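Below are the structure tokens for one structure; questions will follow.
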Amino acid sequence: MPPIVEIAALYKSFGETQVLRGGDLNVNQGEVIAIIGKSGSGKSTLLRCINGLERFDSGAILVNNKQIDHDSAAAMRELRQQVGMIFQSFNLFPHLTVGRNIMLAPKLVKKRTTEQGEEQARTLLSRVGLEEKYDAMPDRLSGGQQQRVAIARALAMEPAVLLCDEITSALDPELVGEVLRVVESLAKDGMTLMMVTHEIGFARKVADRMIFMHQGKVHEMGPPDELFANPRTPELRQFLSSLHN
Amino acid sequence: ASEVFGQTALDGIVRSKAVRIAIPTDFPPYGFVGSDMQPQGLDIDMARLIAGKLGATPELIPVTTANRIPYLQTKKADLVISTLGKNPDREKVIDFTVAYSPFFIGVFAPKATELKGPEALAGKSIAVTRGSVDDAELTKVAPPTAEVRRFEDNNATISAFVAGQTQAVATSAQVAAAMITKNPQLGAEYKFLLKDSPNFIGVGKSEDALRAKLNEIILAAKADGTLEALSRKWLGRSTGDLPE
Amino acid sequence: MLAKGVAWTLGLTAISATAGIALGVGCAWARIHGPVWMKAVTGAYVELFRNTPFIVQLFFIFFGLPAMGFRLSPEAASILAMVVNLGAYATEIIRAGIEATPRGQVEAALSLALSRMQTFFHVVLPPALRKVWPALVSQIIIVMLGSSVCGQISTEELSFAANLIQSRNFRAFEAFIVAALIYLALSIALRRLLNWLGPRFLFGD
Amino acid sequence: MVEFTLWDILRNLLLAARWTVGLSLIAFIGGGFVGFALLIARLTPSRSARRLVSLYVQLFQGTPLLIQLFLAYFGLALLGIQTSPWTAAALALTAYTSAFLSEIWFGCVASVPRGQWEAARSLALNFWEQLRHVILPQALTIAVPPTVGFLVQVIKGTALASVIGFVELTKAGGMITNATFRPFTVYALVALIYFALCYPISLTARALERTLHAAHR
Amino acid sequence: MPPIVEIAALYKSFGETQVLRGGDLNVNQGEVIAIIGKSGSGKSTLLRCINGLERFDSGAILVNNKQIDHDSAAAMRELRQQVGMIFQSFNLFPHLTVGRNIMLAPKLVKKRTTEQGEEQARTLLSRVGLEEKYDAMPDRLSGGQQQRVAIARALAMEPAVLLCDEITSALDPELVGEVLRVVESLAKDGMTLMMVTHEIGFARKVADRMIFMHQGKVHEMGPPDELFANPRTPELRQFLSSLHN
């Protein structure tokens, strides 16, 4: 089976600042990838390029063997059905109930009927442990609950890959666990995941492969335990040691 | 800006059986509103008369002194019956019929104010309506030190004088008469004549067919005494000698 | 003639901006710190002038007030109308700025032995003005454009000039287009000028 | 000559106030539609559309409504386009209102967090779906108070329609003044009627703003 | 020499809540007093009463033998020249440079000339280690630097007593030290200090006397080491034990 995401020689700058400088990366179906790295190393930018929120200057990204093409709205729409994204700040739609947050995109994009949508939404909510919140408004939920709804909402589009950008960073420490448990269960179920995270312990436990980004490139990569036990570059060594403080 | 009219105004009037006439509402007794806000006055009667003779329904458009000519120029009115005096500037942009009513422009001020002639206006403030014949005449004779205050419409001019904002006012004898009766406390009186400037009906430039038709109507009305009756009714005096 | 009109328009605007902001500052202070009666009076003033058209205020001041024995030249009436009109808006704008000032600023100033007045003028007002300066500038420009109405009572500002020209040579379109362009240029230039002036002379101490 | 009782004055002013209300409604509705179109044009990715809109806004916010009215009335006619006072006033007021409304509304849309656009985009919604289902519903709640507040400016703006011969409240005031020579009474009444029209709207806008603030806390 | 601050039977309530319930306290010239106590015990309110930011209901406060009189603006200004205060949130004036922040009050209140003011400001800034920041705007400074400027600003009025209300609580941990060092040097130079603080170690080192407030009263009082070694009341004992976690 070919890789589901292929990234080659990706370059991207914001004005003067070079943010991505030629990263290469292949992600296989069902793989769980954790991305770590210093602040500003380009982790978020990489994820945002993969689902087309950010244009890149040169290089290529292929998802399911299809090149990203910013000039075709239809192709972008197709891409985003393949690639779901979950944000640090949840970004639930505040004017819609939890149920309607989940149903909106399937209804508009996949032309689901209301009944199909409702049934799916309830199933997904129970999967993230929030079946009773179907009719709640987002602002009535705790951060952890909101993030779980956001996960359910992304899953409703049945993406092939799910991108998670520090999805527990905005949560109070006591709420982090409930979100991570959901992510772990997704990983177990075979979902392809790419997650930027500071929860190193969690990443080590769940990830098949860990990627250390440094100055806009994949600097080191490998099974988590190997990376931790045996960092090859001084940059990773320094990064890991800073974590222990 | 001169216009090329696709058709003559008279054709339009005949076809639509309606005539748009610009009339004053700020100029008693020529045109003013009653307590029902309907316009009345000499010019309004004249407008009705003309419309009747043209076999058309009159559509009365209230205009101000400053904007009556733009109304004609921009074809927003077929004719202007609005205390319109004739002068060379205006003749460049519109055409005039023969005169239909008398109009004296004078300077008025309280009895206590010494005002023998234009020279005496030096250092005094005087209200006048912008763009009127009054304005043109006053501007001609007023000494440079006179403080000429130009207002948008006759309402404003009279109000300013009545409110005491200016020491004198240049306006028509009839307007002044109405003002003086209404405001005896002013003690205003006639000071000197600026111009004997009878009123004409204005039509668009080169609307010769319409002008000829109107002249015919006016001369007939003059001959059968209608104009005289109108003058007596509203102004309380004879038309005197109207230029043709 | 247009040049004279521009001069009048700018003069009216300059005076009314200065006096209007001063009035706004005074009334904003009264609305926040003044005794109850002062709050009521300034409140009524602000509401009355913000909820009636400028042209009516102008006519009332010029035509109406003399009946009360209070007589003003057209220019003085124009200035008065513009000042009280801008003052009403400025009061609300500045008040919002003052109320956004953290309490800690006032307490710090008081604990440095500044008097209430000194605290207001040196500590509260400058940052408040800075915060609301863009809103004030927009309002000043609205008042400048509004001054076009003053021509109706024979103040010889820009649109009076345009009107006079068109009633002499009957070239309405050209006169008004030229006037519109001048106003546009004035409002752009004025915004630039005020954005430059404000930080330099108003908000520093 | 004609005698006006106080009641006559008031009655005629109130009758004229109908036109003020009518003009305001036209300006508000017309301005609302055009303003909305401008808003959409300004939100689309097309750069030239955005530039055009900002030019339009600058033009109508940078010149006096008075001059806009003159131009719509006399100016257009000289170009061969006939406009009645109604159309001219409706045209100028609509242009003026739409410039301000699109500006107000753009501010409201801009205050919807970027994350909302991005979340909608990453759910594969297209531009119009993002706008229709995610952004506008949120912007709408924010937009209600300032929009209602702006209605007051529109009502006051209609006073200037008097200069193109439109007999609304202000013009009627002028005409009655001339017939009665009682400017103090007449203009005081005119001001009061405007106040009676505008003040409740101001209060409503403020109340709406407070409830919105409370809801956001 | 009489005490510089005398407090007797001070009562104060906010609406229904009794905040101060009859505290007594005398502070001598040159003494350094640390005030500790649970949140809500009235520590801030006590300090705020002493420099007249808060009115009290009954009791008396004398500073330099003068009773606080809220009804005389002149007397209050006089009082505040005696009593300086430093706040948790710095409260620098954001529109003035550092130098002008310091000079403002001496110029307005003490009618100093600009030259005198400038000289004094520079001297004070070098005392708190910030001579090079004279022309900086406050928002360009770190929290620790801002707080040191606030101290210099209070010192410019040459107060007899300085009140400090948790002046390091809003600082990042690495910046606390630089502020405490300045306070310590003030204490060494003989400044009379009353400080509410959670930095118990520091308080123990610098304070001549420690005051434990509980439910709006001075509950226990004494030399720091004695208080720590030998708490007499169960309330203090509990408070101290909670600190060790």
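Order of writing sets the labels: A, B, C, D and E. Residues in every chain begin at 1.
Please note the rule applied: contacts are C-beta pairs under 8 Å (C-beta built on N, C-alpha and C of every residue); 3 or more make two chains touch, one makes a residue touch a chain.
Worth saying up front: this structure is predicted, and the values here are computed from it rather than measured.
In summary, the chains found to touch both chain A and chain C are D. Comparing the centres of all chains, each the average of its CA atoms, the largest separation from chain C belongs to A. With chains reduced to the mean position of their C-alpha atoms, the one farthest from chain D is E. Across the two candidate interfaces, A-D and B-D, the one carrying more C-beta contacts is B-D. After Cα superposition, the angle needed to carry chain A onto chain E is 170 degrees, rounded to a multiple of 5. Chain B and chain E have Cα centroids lying 82 Å from one another. Chain B and chain D have centres, each the mean of its CA atoms, that are 36 Å apart. One finds 39 Å separating the Cα centroids of chain B and chain C. Computed centre separation for the pair chain A/chain B is 81 angstrom, with centres defined by C-alpha atoms. Shared interface positions of chain D, defined as residues touching 2 or more other chains, are 74, 78, 163, 174, 177, 183. Along chain C, residues 63, 66-67, 152, 166, 172-173 each make contact with two or more other chains.
Within chain E, no positions touching two or more other chains are listed. A list of each chain pair in contact follows: A-D, B-C, B-D, C-D, C-E.
Within the complex formed with chain C, the chain D residues making contact are 58-59, 61-68, 70-71, 74-75, 78-79, 152, 155-157, 159-160, 162-163, 170, 173-174, 177, 182-184, 186-188, 190-191, 194-195, 198-199, 202. Listing the residues of chain C that touch chain D in their complex gives 47-48, 50-57, 59-60, 63-68, 141, 145-146, 148-149, 152, 159, 162, 166, 172-173, 176-177, 179-180, 183-184, 187-188. Taken together, the chain C residues at the contact with chain B in this complex read 62-63, 66-67, 71-74, 151-154, 160, 163-164, 166-173.
By the touch criterion stated above, chain B contacts chain C in their complex at residues 1, 66-67, 69-70, 73-74, 89, 92-93, 127, 130-131, 149-152, 156, 159-160, 163-165. Of all residues in chain D, those touching chain A in their complex are 113, 115-116, 118-127, 129, 133-134, 137-138, 141.
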